[in-house]
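First subunit A sits with subunit B, and in the next complex the same chain sits with subunit C.
Our next item is the complex of A and B:
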């Protein structure tokens, strides 16, 4: 078990070190997320006021779009330098590599969300701080749900043709429950009087989703990544 | 395997020829009248769609962990049938909805989850078609994850609101409707088995042709 965690830790640190040196993915992904928000603003703001519930939707769609971009770029880098093959050749547990990549992805998305949440809050008059703990729980569980499926699919797609198109095609239908739960939970918290029991229900649904999909990913990562 | 296909196809032709007559003699539903009769084709198709999704998911898991090429071909056949039966469901559903609810589409739990399941399997076919080498594995993952996804979508969209008739409609059917309904379910189930077997046979034969071709080249 300690070996497993050590490998995961090393893989994550490797990803973060590479990223810290160029900062390519962080900068582009954050900027992309911000421009998504801007694009939605043109569609969902009337006479200077945003539509009701728009903030929750915009936040989660921007997270999903930026996440897809980040996933694609992270694994494109691995493909370009053939380092994913090297990782797979390493004498370690394959699922540990998956966990390492997932942690790296979560760190990237955490940075994106740290910029995105205040931005949406300011531009769409949304008080994300009304119940900060529940909001944080929604963000954490939602991001894990999205990234767990995304990391697995992006890793599988490294070898596929037309991978840039296939990632969103595969990822969005599967992560719809995350988007529904994230948007509805956030919208419940953004009401004039926050509906905390409702938000708690969505958090628990997301926790359940995370458990099922992380387990499934760990279970299928090994056979999926084995070249036959 | 092939011996029972011809009689089955013949029986099916008889069943589907008889179906309009059987459905025509069912009692009229009071509020919806003629449109209610869509139900006899809509519900059996939806049943086959969900069954086929599970067949595809389980066959994909078997393929992934046992490396059985046969399971993979079965999964492909089942995946195509999800999309085919899904098309029937997605066409008949709105026709009924327009009359019963006044709108073509509602974001209700059953509709959303059926639509999403359908989309997942369209994505499955896209991957298998355009994924290039290794696409079978990608597809298998998609099918397994798609299968696991259905209950989540269902619960999530249930918290909007539910308009679609509950599954309890089926046991509460009045006697005149029950017979024709199960007649249609049986016909669709047989149609499903027939199509699944035929489609898998095509894949099997294609695989053996490829094998022979490779053997010839060597």
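Our next item is the complex of A and C:
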């Protein structure tokens, strides 16, 4: 177990170092996510008044779109240099590589969300700080659910010719429950009187999705990545 | 967790990609302290065989045994004894030469990683460029660094796909000397190459692949180039005779 976590940590640290050098993925995903929010704001905010309940949906759509872009770019980088093969040659359990990539992706999405949440809050007059801990729990569990499946699919599709098209086509149908839970939970917290019991219910559902998705990904990563 | 072996056996291995047969019933064995040359025209199946030996690709049929175990039986510990230098160099262009080697040393859990990295940089003749990012290196410099990356953990089985690509004469000769040194220390080295001049005098044994099949190589004292040419020509003549027979059979 120690070796597993050590390898996951090393892979995540390497991904973050590479990203710190190039800043390519973080800039493009943040810019893309912010653009999404601005486009929705132009469409859904009239005379300074946003459409009711729009904020929750727009926040999660922007997270999903930016996450898909980031996932594609992260693995494109490994594909371009074929370094994913070198990672697979490490003498450790191969799912540790998956966990390392997942942690790197979560760190990237945390940066995106740190920009997105205040932006959506300002553009759509949404008070995300009404129940800050529950909001944080929704963001963390929802992001883990989305990124866990996304990381597996992005790794799996790294050699596919149409990977850019296939990733969202495969990813969105499977992560729809996560997005719905995220939207409903966030909407519950954005009401005039935050519905905390309802938000807790959606958080528990997201935790359940996370456990299922992460377990399935850990289980299937090695056979999917060995070219059989 | 530790695992070692002194014999590699490829037993009747085939590999299909869809309907295309990349390898067709290949059998080969190598022992510790041997350099085997894997020659063949483009698309013969050399890289596929190396990928199978490195456990990155599973054979469609047949098996590879490392000592008395298959890759599945040996598990991750086997990969600690395998070194692969692919046609792609498996280096991160955004990282420096030192960071690349440090990353792989840590990934392999090597003790005293810093000393190993310093030694590797010296071997690669890149000590003065250790803190430069790899994207600024020439192909030859990257090739030397990638070789050291593959050797960091002192593998028992070293798989090299076109290791002489981009190397100048001096670096090529240094690589030949390095590989001979590894052989003397009991490493099994399998080299897929088209550079027959540099490989001359390096290889202990020759394996020639053509259309996914391993061809019989006649024992001879002729030069490597001549032996390779004769093997390919004999196979081509055999194939055309075979086609001729089939053609006659079809016509009659």
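By our rule, the second predicted complex is superposed on the first by the 228 of 228 C-alpha atoms of A that agree within 3 Å, B and C clash if a C-alpha of one lies under 4 Å from a C-alpha of the other, contacts with A are read in each partner's own complex, and residues count from 1 in each chain.
Heads up, the rule we're going with is that a contact is a pair of C-beta atoms (placed from the backbone, for glycine too) under 8 Å apart; a residue touches a chain by one contact, two chains touch by 3 or more.
Since the structure is predicted, the reported quantities are computational estimates derived from the model, not experimental observations.
**Student:** Specify the outcome, clash or fit, for subunit B and subunit C once both structures are aligned onto subunit A.
**Tutor:** Taken together on subunit A, subunit C would fit alongside subunit B, as the superposition shows.
**Student:** Give one of first, second, both or neither to describe whether A:17 is in contact with subunit B, with subunit C, with both, or with none.
**Tutor:** second
**Student:** Anyone got the angle at subunit A's C-alpha centre between subunit B and subunit C, nearest 10 degrees?
**Tutor:** 90
**Student:** For A:212, is the partner it touches subunit B (first), subunit C (second), both, or none of the two (neither)?
**Tutor:** Once the two structures are laid over each other on A, A:212 reaches subunit B alone.
**Student:** Using the superposition on chain A described above, determine whether A:85 touches subunit B (first), subunit C (second), both, or neither.
**Tutor:** In the superposition, A:85 touches subunit C alone.
**Student:** Could you tell me if A:7 is touching subunit B, subunit C, both of them or neither one (first, second, both, neither)?
**Tutor:** After superposing on A, A:7 lies in contact with subunit C but is clear of subunit B.
**Student:** Which of the two partners, first being subunit B and second being subunit C, lies in contact with A:204: first, second, both, or neither?
**Tutor:** neither
**Student:** Name the contact category of A:35: first (subunit B only), second (subunit C only), both, or neither.
**Tutor:** It touches nothing on subunit B or subunit C.
**Student:** So, A:156: does it touch subunit B (first), subunit C (second), both, or neither?
**Tutor:** Once the two structures are laid over each other on A, A:156 reaches subunit B alone.
**Student:** Using only C-alpha atoms, work out how near subunit B sits to subunit C after the chain A superposition, in angstrom.
**Tutor:** Least C-alpha distance after superposition: 6 Å.
**Student:** Find the residues of subunit A that appear in the contact set with subunit B and again in the contact set with subunit C.
**Tutor:** Correct list for subunit A: 227-228.
**Student:** For subunit A, which residues count as touching subunit C in their complex?
**Tutor:** Residues 3, 6-7, 10-11, 14, 17-18, 21-22, 81-83, 85-94, 226-228.
**Student:** Tell me, which parts of subunit C touch subunit A in their complex?
**Tutor:** Of all residues in subunit C, those touching subunit A are 51, 54-58, 76-80, 82, 84, 86, 88-95, 99, 103-104, 106-109, 133, 149, 153.
**Student:** Under the stated contact criterion, what part of subunit B meets subunit A in this complex?
**Tutor:** 64-65, 67, 116, 119-120, 123, 126-127, 130-135, 137-138, 140-142, 144-146, 148-149, 152-153, 155-157, 159
**Student:** So in the complex, which bits of subunit A are touching subunit B?
**Tutor:** 149, 152-153, 156-157, 159-162, 165-166, 169-170, 173-174, 176-177, 180-181, 184, 201, 205, 208-209, 212-213, 216, 220, 223-224, 227-228
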